Structures are given as C-alpha cells and as structure tokens.
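Have a look at the structure that comes next, please.
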Amino acid sequence: MTSWQNNRVARDARIAAGAALARGKVVEARDATRLLEAVLRSGDRVCLEGDNQKQADLLSRALLAVDRSKVNDLHMVQSGVVLPEHLDLFDRGVAKKLDYAYSGPQSARIARMLFGGKIELGAVHTYLELFARYFIDLTPHVALIAAASADREGNLYTGPNTEDTPTVVEATAFKDGVVIAQVNEIVDQVPRVDIPADRVHFIVKSDKPFFVEPLFTRDPAAITEGQILTAMLAIKGVYAPYGVQRLNHGIGFSTAAIELLLPTYGERLGLKGRIATHFALNPHPALIPAIESGWVRQIHSFGSEVGMDDYIRARSDVYFTGPDGSLRSNRAFCQTAGLYACDMFIGSTLQIDLQGNSSTVTASRIAGFGGAPNMGADARGRRHPSEPWLKAGAEADPDGSALMRRGRKLVVQIGETFGDKNVPLFVEKLDAIELAEKLKLDLAPVMIYGDDVTHIVTEEGVANLLLCRTALEREQAIRGVAGYTDVGRRRDHAMVARLRECGVICRPEDLGINPLDADRSLLAARSIRDLVRWSGGLYAPPSKFRNW
Amino acid sequence: MIATKDIAPAERARSTSFNEASARTRLELLLDAGSLVEFIGPEQREISPHLKIFDLPEQFDDGIVIGHGRLDGAPVFVAAQEGRFMGGAFGEVHGAKLTGLLRAAREIGTIPVLILFDTGGVRLQEANAGELAIAEIMRAVMEARNAGVKIIGLIGGRSGCYGGGGLIAGCCSALAVSEPGRIAVSGPEVIETNRGVEEFDSRDRALVWRTMGGKHRRLLGAADVFADDTVQDFREAALELIGSIGAFDLDRLKAEQVRLADRLRRFGACEDAIDIWTAEGIAHAEAVPELPADQFIALANRIGRASRDAR
Amino acid sequence: MEDLSFQHQVRARADGTRQSALVGVVASGNLEVLVERVLPDAQCSVVVRTAAVGFGDVWTAVVDDFVERFSPGGLKFSINDGGARPDTVSLRLAQAVRLIAENGQ
Amino acid sequence: MTLDEIIASLFPDGHQIRKDGGVIAGSAKLRAGGRMLVIGVTDRTALGVDEALRLSRHVLESIDRDTGPILVLVDSDSQRMSKRDELLGLNEFLAHLAKVLIHADMHGRPTIGILYGHSAAGALLATGLATRVLVGLPGASPAVMDLPSMAKVTKLSMEALEEKAESTPVFAPGLSNLEQMGAIHMIWSDAAPLVDQLEALLADMPAVNDRRDALGKARGGRPKAADIVERVRDLALQIR
C-alpha cells in the first residue's frame, strides 16, 4: 500500500526526538547543538536564516558544533551567507551544497571556497528567485530562524527586522518541515504576532541579542562634491522629466546624496509632491530630512535599520507598523513591490561594460545578487500604466502604437566615473565574465543586464539609453559619460557630440547645472548629528557614527 | 588703522560648519570680511623639507595658515591648522610658523592671538622636529602671556586637539570648544592599544566623545566657552574671551594647581564621564551628549566650572 | 611621487585681478591647486606633483579639456596631489579659476 | 648610570632627594653655594595626572619658599595612556607642569633638565623640554615615536625606516638625533664628575630666550625652522 504521509511521519519523528530536550517548546541554549543533532538528518535542506539585519547567530554556532558523524552533507538554502560560521559549516563538512542570494561580507572567502571545491554550488539567486524556489524544489526540511521574542506557546515577534522570516516559515512549516527559532527573550505576551505559534516547533533563548549591523546608514559627512553633482544631475535629468514618484533607491552614497538634496535642491526646482513620494526602501536615515519636509508619503521596507525604531514608530503615516507600533518589514513583499509597483530603480554598481551590463563581482569576490536585479529589471508582466512608465516606453519605441506599446521601468545606474582607490567604473569586459570562466559557471554573475538599463548618470552627464537606436549609439552614449576612464577617453568625439545634440547625452550645462554649485552646503544634513536634529531626537544612531 | 565695524558676512559664517570648513575658510569667516592677511602664504611654497624622504606629498603652507586680521575692527593674530593635511600634525615648518607669530605677539604685547587647533599632535615623519616645535610653541605662548598677550584656542576641527596640541591648548589663556571638538593627549586608538579594548574601545565613538569631547571638556571647566558648530559661534566666543581675560601672573598658576587638585580629589575615582557629571549633580547625566547647544550651555553655566582665572 | 608639467597657448586671458588663490587640500583622494597670475596673457602652465604614479596620460587629457574649456590665460597652476580622481582634479581646477576671477588681493 | 650614582655625582656636598612612586623631589646643596630644587620622574614611570600634579606642587611651593635654580631629572615612559588620565584632562595637568617650570625659569629660577633614561611624547614636553637647558647623559634613550609604531602607521618596514634614519635625524629615536634638532643643548660626559659639569653650566647659563631653533639650524638638524620663525616674526612686527 502506498503511503502518502511519509514526510509528515518523518517530521513528527524529528519533533519527538527534539522534544526530549525541550520543556514545552523551549530548549536551553546549551542544548542547542543536541537539539540540532536530534532534529537534523544528513543531507537535509536547511535554511539558516541570514538576513541583512537579523542573524540566527546562536543557531549557526550550534550547527557548527554538531557531531559530523551524525549530521553532515547538509544542503544550505539561505538568502544571506554573511557570518563566518556560515562558511565554516562547509570547511567542517557539516554542509556540502549551497543555494544562496547574497554574501556581502563573505564575498572574498566564498569565492576562494568555490574555487577550491569546498562548496558545491547550486546557484546564486536573487532574493525573489530563492524565495520562489523554497516553494517549488528547494523547500527546507529544517528552518533555523531568528526573532526578537517568543511567548511560551511559540508565537514569535520578529521586531522591526521581519525580513525573510515569514517566507522561510511559510515554506518550511506548511511542507512538513521543522522550524526552530532563536529568540532574544521569552515573554508572557509578545508585542505582536509575526509568526503564529503553530508554525514554530522549538524555541532557543539566546544568551545575547542577535547581531545587527547598520548597513543602510550613510554618514552625510562623507558625501563628496562629485556625488552631489551626480545627484543633482539625476534629480534634474531623470526624476524631474519623468515625474518619478514610485521608486527604489540603492544604498550607496550617490543615492544618499539624492535623498539629502530633495528638501533643498529639489525644493528649489519646485519638485516637491511631483517626485519621490512613494518608496520601496529600508528606513534610510538619510531620508529623514525629506520625510520631515513633507516629501515622502509612504515607504515599505525590506528590513529595518539600527537606530531608526523610535523615529519609525513616531512616523506611522509614512512607514508600515504593527499594532505594537514598531516597523513591520517583509523582504519578499517589498521585493515584489520594487519589481512591480515602482517606476524607477536607481543604484550604483562597481562595473559597467560597453553594453551597459553591470556587476558587483570583482575577480576575487562573489557578493551575490541580493535584490538589485529584481528592482533593476523591467517587469515584463506589468500591466498597469503610469506616466513615467509610458514615457519611457514611448522613448524606447517612438513608432509603436500607443495602445499596444509596453511601458518601461526606469533602471538607472548612478556613480562616479572612478570609485574607491581610483578604480574605473567603466570597463571593456566585466570581471564577472572572467570569474564565470574560472569557476566554469553556466552564467556570468551579471547584476543588471544592459538591455534593462535605461539611464547612466555620472558626474560627466546623463546618458539616456532609451533613445539609442543602435548598439554603436549605445556604446558611444556610455563612453560619452565615462569621463577620463580608458573607456571614456576612447570615445568617438564626433559621435558623442551628435548624441549630445539629440539629447541622448546631457551635460551639466545642458541641464542648467554649474558643477561649481555642487557644494556640500546643498545637503539638507551634513552630518549624522544633523540627521538626529532633523528627527527631533528620535533617530538614535549607533555609536560608530557619532561625533558627540 | 580705521576700525571697520563688523562687516563679516555673518550669514555665511552662521551657516558654515566650523568642523567641516577648511582652515582658510574658518579664518576668512571668523575675521572681519576681507581682513585676513597671511604671512608666508602658500605662494611662498615653504613646504616641509622632510616629507620627500617618505615619498609623501607636501602642502604649500605645510598645513597651517598664519596671519593677521581684525575682529570687530580690532587687530588679532591668527593661526589655523588644516586638519585634513596629515591630520593637522606639527612638523618643522608648520610649528615654526606658529612660533614666529607668537614671538612677534610677545614683542608687541597688545594684539591677541587666536589659535584654531585641528591636530593629531606630532607629525610622525618628522617626529623629533615636531615635538621640539611644540615645546617651542609652549614656551612662546607662556612668554607672550607673560608679556600681557591674550592667547585663545578655538577647538572644533575634525582632527581634534591631540598630543602636543593638547598641551599647547593647556597653555592658552582660554579655550572655546564645540561639541565635535576633542581635547586629549593620547588618542583613542593609542589607549586601546596600550590598555586593551576592555578599558577603551576606540570604535565606541560615544565613549570617545564623552571622555575627550567638547561637552565633557566644558563641564570640567577645561574650556571656558561652548560654541555651537558654526564659524559665527566661534567668532562670538573669541570676542567674548578677548573681552573677559585678565592679566597673567603667578597667582593664576597657583589657582590652577588648586583647581586641578580639586578635580582629582572630586573625580579621581570616577570610571566614566557619566559618573563625573552625576557627581556634579546633573540629574540625567547619560542624556548630556544629546542635549542641544542652548540647553547644554545653560547646564554648563549652572555647573559653573571655568578656568578663566586659573590657568 | 611623480612630477608632471604642461604648457599651453590659450585664446584669452583669464578674468579677474586677484594675483593668487588656493583651493583644496592635500589628502587622500584630494589635492590643492595654487593658481597665480604670473604668465603672459596667452600662456597657461600646469605643474603637478602627484602621489599617484603612472597616470600621465590621464592628466594630459584632464588638463587639455580644462584649458580648452576655460582658456585660463596668464595663469600658472601648481598642484600637490594626494591621488585625487580625475573628476576631482577638474573640479578643483575650475574652482581655482572661479576664485582668482573674484576681486581681491 | 643609575639615579643614585647620578645624584651622588651631581651633589657630592649633600642632598635631600626622595623617590616616591616614580616621582623625585627634594633639594641639594650646590658647590658654589646655595641650594637647588630637584624634581623629576624616574624608573621609566609614565607621567599621569597624579605624578604631574605632585611635581607642579613641588615647584610652586619652592617658588614661594626658595631661591636658586631648578633641576628636572628625567627617566620616564610616555604620558600615561589610560582612560582615567584622559577623562580627568591629562593635557591640562601636563601643560600645567610645563607652565610652572617655564614661569619659574622666566622669573629668576633658571631650569635645567637632565635626561638620563627614557622619555617620550607628552612626558618629555612637560618635563625636559619645558626647561631652559636640557642636558643629555650618555645612554639616555628618548623616543618621540618608536620605530615599530612608526612602521605600523607608515606601512614601511623596520629595515626601510632604519635606512632612512641613517640620512636624517628628523624622526628616529635617540639622544644624538634630538641633539641635532636643538632639543638637547649638550651631552655631558659620564667619565667626569657631573658636579663639575653642572657648576660650569650654572656659571654660564644661556640667556632666558628660547634659542633652540638656532641650535637646530647650526647643528643641521632643522634646516628651516629658525629662518621661518624669523621671517614670520619680522612680517608680524610690521603690523605694529
């Protein structure tokens, strides 16, 4: 007789084995490794929650300490590979295979380990792809997640950094998997229920709060005149003509400069209410002055940011908050919002080639994709119109029928022609290609494909690629804003001049911008202290950003 | 010379962060408009003779602007360190420019000197020359004060006032400091290296500032005036101090001995600045760093520590 | 360190009466430009001392564009460079021309 | 030479000098008559707020009480690098000590420093470098900045630094380097009785004006300082 409930039986057996170590659902931190040994089976697919802002760090260490003869060859399916322990698992042989999305701080080591054969790579995904595969063919057997607090029944409060948790739990708990949560504290009543108790099987109280890093804080004191000029060009050369209201910003200094110019330069241009009103965005401290000046109507967030809790709580008109008043973020929904509900993505990258393909991979680092490719991609499934979307579509296809023509999402790459240590932003060939050859990957890790990019903004000007009709025009438009990089100096000057005449390339003076006006006095806040002042004392920056 | 009434573009001075401005901009906006005249300006190219040994770039003014100008019409000598060039550190030429200025001030006897500190201390690559330059400046400061010159230190730059800079500041007639300003001898990293991260975590910037920062120094009475971080505020602080400093004599050093001994007795066992502030009777001492300038100034005045007649 | 020197013939004399001006500071990724009105009206020179060795061709391009654009006749530019990016160099040169065009000493 | 040997050789006619927690204080009889205040730091003690304040107190008390020259003996560490010292305002304590010494020197109590061991940074500024004449004894090892720390900051190897130190006295540790700067006025011999050398110095003290820049120029250690000082002074005096 065929059995159709094998997985449920196996899940129940795992829970029964773990229950021996638990009082109710609660397991002591010192028993965490034994719990994992009881629940895990070799070869399991395991999601070890590693978000941007919330790390199941205690469970990472507990997993690293398992007896390898009992638990080995795990298949890790997790969005973030960010803690050293995440990779130590492979060094120890506890884990064997990896599917992931982002590896920021571990990007150099993961490249070495992939090259050295320590890790069997499934694929590098975007967040949405990996989440999607959780429900199709990469469903976790066990999810090790992190939350701020739990009650004794197992209801979880994730705090402002909900991020991936609902998605991971949904996929695991409803497909016969086991969910183990580390929590900072166990309380009588959680402030709000982010994850209902019937989806949570074990709770481990951590000895110290999970580690959170301020990833989205850009100190205004470090913003340069070049970044300010580039930001002015973006506002006047892209935001204004398209009237972009719904958008996503990257996390670099150029977009931080834009955020800080809205209440000053943007105000002077009369753009308030006409641009930058609705965001899919983490709570960037740099956006505080624009919010306080009444520019921003609504923000949905992937996760939170350190120090922003009180501010968000007090600005619930702008942010999504729970009944307890704190931020509710959700990476999967925010990514979807960025993909389908935003008219523009603007962000920086490390390398752009002559076709406009961009990558954050360098020869020795694999940082993964995170969410940028989903934000920075035209959504072919989009059907609702908006003014910027239609205008961009018309520029790309001026002869098409208006009723049948798809719109285009604005995908803007912004950056200075030279980055840190004078490394050029523009290259003839992406390092990603070299890396793919070296690692024998099927696909080079391209962050944003050139055919999705609509504009490139540098301090030299704005290139509107929508208006380019041939590959050659496109290449010269890119060279035409590539400044003094090798790519820029090898431009065809006559053709670049022509492209400028027909508006493909706009120089600062074409937009009525004098580069000498790109002054730090334009920034609405010039220091973290200024941001605190703007927030009325509600923003509490982490110590490393203070100078008081 | 005809006294020109304050024609400084006060608006620009009010909107310019002292912390962020360059040495030259600080002076231009601090002094009456157009009154700054530099001595041995950059066009003289009196660069450091030593940096080339280390294949390092020089700066035409060696990181310090010196000259004279007017403050509310009255003449002043000025020196401003550029904290971004080699951390504003003292080298041979850098230091000699200030020494020469102070010696002239002593001979004249009536023109005050403003020193806009912004320094990490001795310039490593010319450490011996820099250390001695600081010793010479300290001597020149005391000789000038002895001759009746008022010497005022303004501290609010990004490199703070560290190492020998802190000692020179300690020799001045009076100091004005802003919130981002720091005054100390050993830098945070040096303390961490010597004592371990448990005693002093140099990356904990809140700790750094409450140990060495402008607010703590003002509450201790090490600085007499707390300025908001604008050039205009420092200008007003300088004017206030010039107007209020009395003559220097031995009694001041005796009073300083008493002042410092009293500090050691009261606070010598405190572990942290918050303990000191609490001992001063401040109710919510942990909130002091967050206080806006006006509230902080009111608090500091209520505590009432100053060193004006005791330094 | 590397020393570079560029001499150009230019269309017109630079505006202003001021004899010299200075912008910028020598720091990592930054530079100072000292500009002096000391040359005949049709000449311009740029003298560079840079910490970033081996970028002579980039400097040539930056200076060519700058001279073409501003025609800074009569001016000598002396640069101490802490390894600034070309766009920062262009910006400082333009700032120097603006500052010396102001009235003053 | 040990401190006791130095004191014995300096003051064969008698002294009352005590050591207490790294701080030296007392007085001694001069051969030419009169007494000399003696203070100092010994045993390579770090100069912190407590030590500095004790030293300045000795000088101030002596100013009220005595006459005669003042001797500052120096074998110290650097300033004390601690949270407590900085919290309490170490810069003021060190500056205060220097000020008291400079004031005494300017008002009839000529000061002499003797560097006989180590010293560095803020400690040297507050003691030896705040005297009118700083004497070095053979074997003294001042180090404004030690080479390993320098190597760390400059990212140069020790070998490279040592090689550079061959060609210039401007950065490397050592008595003779500081002498070439003009910081150390003279180096005494430890073969001859120190008392003779002290008496000779006292009989022929340089004028009270700071002439270390001129010394540095004459000795080739500081090629520019003295001229720059003079030029600035001349320019500044013109505004009278």
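Should a chain be cited, it is by its letter among A, B, C and D, assigned in written order, with residues numbered from 1 in that chain.
The working rule: contacts are C-beta pairs under 8 Å (C-beta built on N, C-alpha and C of every residue); 3 or more make two chains touch, one makes a residue touch a chain.
Values in this document were obtained by computation on a predicted structure and should not be read as measured data.
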| item | value |
| --- | --- |
| Central chain (by mean CA position) | B |
| Chain centre separation in whole Å, for chain D relative to chain A (CA means) | 59 |
| For chain C paired with chain D, centre-to-centre distance based on mean C-alpha positions, whole Å | 46 |
| Centroid spacing, where centroids are CA-atom means, of chain A and chain C in whole angstrom | 41 |
| Centre-to-centre distance between chain D and chain B (centres being mean Cα positions), rounded to whole Å | 24 |
| Chain B, residues touching no fewer than two other chains | none |
| Where chain A touches two or more other chains at once, by residue number | none |
| Contact pairs between chains, per stated definition | A-B, A-C, B-C, B-D |
| Touch list for chain C against partner chain A, complex | 52, 57-58, 61-62, 83, 85-88, 91, 94-95, 98 |
| Touch list for chain C against partner chain B, complex | 1, 20, 22, 25-27, 30, 32, 34, 36, 49-51, 78, 80-82, 104 |
| Footprint of chain C on chain A - complex, ascending | 224-226, 229, 416-418, 422, 459-460, 483-484, 489, 515-516, 518 |
| Of all residues in chain B, those that touch chain D in their complex | 39-40, 46, 49-50, 53-54, 66, 68, 75, 77, 92-93, 95-97, 99-101, 103-105, 107-108, 111, 121-122, 124-136, 138-140, 142-143, 146, 163-164, 166-171, 183-186, 190-191, 194-195, 199-200, 211-212, 216-217, 220, 222, 250, 253-254, 256-257, 260-261, 263-264, 267-268, 270, 272-273, 276, 307, 311 |
| Chain B to chain C touching residues, read off their complex | 22, 24, 34, 41-43, 45, 52, 55-61, 82, 84-85 |
